[in-house]
């Protein structure tokens, strides 16, 4: 049996790969990448959101040939990038409010359209709070009207900026400052929360995709896909928060990877409301591997091991695996 | 535009905020010892030449091998590749086919006629090498490249030693061997054949040599006392194999019994099959797991229909009849007689019980110590007699071609140093990289490329080479399975995953062409964690 | 200043009537102000609208409490609403009805019939305005016609003008008699 | 050209002539006719080039306007009542960022109880939002103020609210001299933003500002709004010069010379008050009127100058601060501090209750006789209230 040399082994999933044609290499491998979110920002050590934002915007900048404007919701990303007198952004960027980033982006897009600036593209972005909770109304309106905006949600599954309180994206059993690890049902209760990507798909917009900071090539490919389309597009990126999740700063990417490999965070693409592509699980792991390294789930392992709860979490993962066909 | 105060800011102004002050640990790029290099008796830098092969630069890859080993094409065939045994990729799927790539590179070099040069200016010193086997050739090669005048004396009619007279051609085609030996001679190494050395001191005096490296090997087959009646045809393995070269094949008959459990035993049994023996039976005292012969050899032998009688010794040989006694292992794993006997038909019995060295040449030499039939040498390969070094099968070590080649290189360095009035010091070895120090996620799944094998029918009838080689594409594929353990391969992960853009990618990108921007590095450790090959370490900031 | 109050039901177009009246007055070179009784009444509910006409610019914004004239689009309102409330002595009343009413203040016009006849739909506004023009001579018929033409697309406009003309004639005649 | 048309239509057509580039709107009575007309004008192409966006809430309407304005587009929206309150967070953001958005507020009461009729509770609740607030007396003035509002907003980089009484003006059909496009183009230069989102000159808009600079930022906001006190009269007089009629300004006086009683009010009620004042003059009363056209910034000196000689001031206003009393009244007292004039606060027309001449005669008579308290609710009918409820 002879293997076709279709994908190179060395660095194949790594950021760069000297064995690939330059145009096949990741944007992040390019020394002249735009660093749209540049150094000197005040994000925590190992911040997944800072990483995700640079990945997304650098890719978008490349796709838009540098003609990009961003509207940002209130949140960690906004606070750690623009404390007077320093801004870490290198693109035209506006922050208005917590709940209105999609609408502000719509306004930007409308202004560009009316001025005939077809070369300039618009991105709206925010955390899970600004997107799936307080911003959902504006987001839905933007989707429904077909506004030409790519909205990116950096989902770290809680209100980190205010000190880790529960959001509509907080997973069951997770401990937050408002879902303490006490009582018979420690952490966030089961049966709550919502899936912004599925809500977005219900609008039958041209493009919806999920991604994580653990699979850069996938993330960049999706940004490129999204930028190739017009109308409302939605990208939901899982970004680790070492502070809020209680993991090592150096573990950000590994934890995000475990989220996908456990099936708890399905990675897929959808067009016009239908799922068109799914990233299969490559190295399946039980949810326990994902939960264990995170302090927000510590109460599932001590003082008494909560097999019942772990099983419940596992069944959520299994449902994703079955629902999205994450395993062949 | 007069911008509003404070609410509107200049882009990129955060560069004034040096977040490096947050750091308590800093990343550091390190070079670690990959297990393949660590496991190679010839001291090859396997990983380095695989790196060149990945990009298709086969000549650079070959030259990297040649820095340590002058016989890649041979090595790619006969080496038992401990590099692959050690390879970290075995934890992922299968070991990288290092040996196969090496053979491809060796063959490619012969095909393209690549050669190497003498790197150093003439030293004016003369070195005698006794024995043109792997060890001697290797020493001669390295000494020559170091600028010394080298002469090889060999007792045999042809160079190659055991590579020629011990290893059957179906494992090592002679044209390959000849080509690689010739390349060494072309460097200006003198070779005198049929030139046995009986007294080393005398030989050195007469030849005016400043130093000598002895590598006469072990060519005398061991004899065990077996009560044998008349007409019992008993031969020894070494001479059987030697007779395959030239003199004309030996008459072994229909049923051949080989006594012994080493690689030589396998070689003889397989040779016998090829010579037309209907049955080639190996008799061995212990069990398979205790057999000294390498698995690969045993496997191929069994495939070719060689039979093995485990836990048996030969008590008596008479005419066409052998008497065997069944053994059993005691708790220490030693075979003990059971008294149970059985008979076995045999036209000939070949003893493959190991070889001994002819040490007559050092008999008269002052200070050379001999124990258990082998010459004792220090860590710098020098015997008790200053200026006389020894290696290969005649010193205490595993008797393989690869070890011999390694001895040759090591000896050459030591001789060179000695000639310059110095003492050779091996550079300090960094720690070996364990699999759990890698981040294997980034390596895509790629099972090993199996080398094409000659179908069995032809194997049992001809002496054609059994194991085929890789072609350019499969060799490249195989090379690219390398994980580059412990050494940067310029994958850009560190550059990409830093949330603070604190990794600088330097001009002329390549391995280790990165720099940590300490103005902004917060010391999160993501670069180290996500480095696929464990080439970045976090070290605490000095307080 | 002349003040008119128009009574009708939600959907019958009292507001349009007031607007048309004000436009007609405006076209006659007068100052006028039309406004609805701001409310959230739905279709069918009794509603009123107002119109002020004056030679001088109008500053007053209070609802019309003492109208000089009433226009009643729907006779059934008489039973439920005090349409005459605040009507000045000798004030005019134009009532949409095919039957004469005993009340001497009231002039009736079969506006709905005329509407059906001219535009095939029971929209009495134009006819009532035509009658109003004839009755109190405050606004010229030409202006009423012009206002209608300004407000509606050509065919519909002409049909309405037809109904208005007929109503105007009906009210004019007795005056000659 | 002079036309007899509905106030909402007059405003819409005037706004259209101001060439807005982005209009975001969410319907709420009594603002609906304005945005309906603008939507139509955009659809028919009369408003080219302009993006009319039907948003999902007033919060989004203001947010879209913020995004558009920050990208250098002339942005407009309109709302009222609850809608204005739903915008509040964005209102402060627009003024904080210094975005010259123009918004019509069709003044309406605030619930509970829900009430769609007119008063000034909505805009008055936003008097401190950092927006400039202009109040229209007639539909003519409502139309004219929008033309001036765009000039003012863009000259100062501040958002402007044009307040017109819901229904009373928005739904009233009366004659209006509509500014022609040529006139407007001559008077209103194209929008040159002070800051703009543009890849050619990227900047960060909307930074987080801490204690070290927040006070200064707010101080500058105040100073900037105070500059409007100079700009508004200038812009109004340039308007008069260009259009041949007077509209807007900081305030307008009517028969105040020699008046020892002055009535102060804002918006459409002024006309009715002037009728009443004329009648009182005929009865020999020395009474006049001050119509306040600009409430934010508050023209303190002008008010003091206009009222300074009066012996008493009756402030008639359509909103009040629960727990204190009149809002405009407090500001008038501030302007008159140190002067002998008595200030009588009259809360009138809440939730659409008609302010009639009769009621005004009654209350002003009491005022002239100095029988008014510092807070009076006009036509308060306690008989309606169940016994014991008070």
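General remarks:
Lettered A, B, C and D in written order, each chain numbered from 1.
Here, contacts are C-beta pairs under 8 Å (C-beta built on N, C-alpha and C of every residue); 3 or more make two chains touch, one makes a residue touch a chain.
Since the structure is predicted, the reported quantities are computational estimates derived from the model, not experimental observations.
Between B-D and C-D, more C-beta contact pairs join the chains of C-D. Chain closest to the overall centre, judged by the mean of its C-alpha atoms against the mean of all protein C-alpha atoms: A. For this pair, chain B with chain C, the centres built from the Cα atoms lie 113 Å apart. Spacing of chain B relative to chain D, judged by their CA centroids, is 92 angstrom.
If each chain is reduced to the centroid of its CA atoms, chain C and chain D end up 34 Å from each other. Once the centre of each chain is set as its mean CA position, chain A and chain D turn out to be 44 Å apart. Contact of a single residue of chain D with at least two other chains is seen at positions 97, 201-207, 209, 213. Touching of two or more other chains is recorded for residues 6-7, 9-11 of chain B. Touching two or more other chains at once are residues 82, 84-85, 87, 89-91, 93 of chain A. The complete set of chain-chain contacts reads A-B, A-D, B-D, C-D. For chain A in complex with chain B, the residues that touch the partner chain are 1-3, 5, 7-19, 25-26, 28-29, 31, 35, 38-43, 45-48, 50-51, 54, 81-82, 84-91, 93, 216, 248-254, 257, 282-283. Residue ranges on chain A touching chain D, taken from their complex, read 66-69, 71-72, 78-79, 82-85, 87, 89-97, 99-100, 103-116, 120, 137-138, 140-141, 144-145. Across the complex, chain D meets chain A through its residues 21-22, 24, 49-51, 53-57, 59-60, 63-73, 75, 89-90, 93, 97, 197-199, 201-210, 212-213. For chain C in complex with chain D, the touching residues are 18-19, 22-23, 26-27, 31-36, 38, 40, 58-63, 65. Contact residues of chain D toward chain B in the complex are 96-98, 157, 193-196, 201-207, 209, 213, 216-217, 220.
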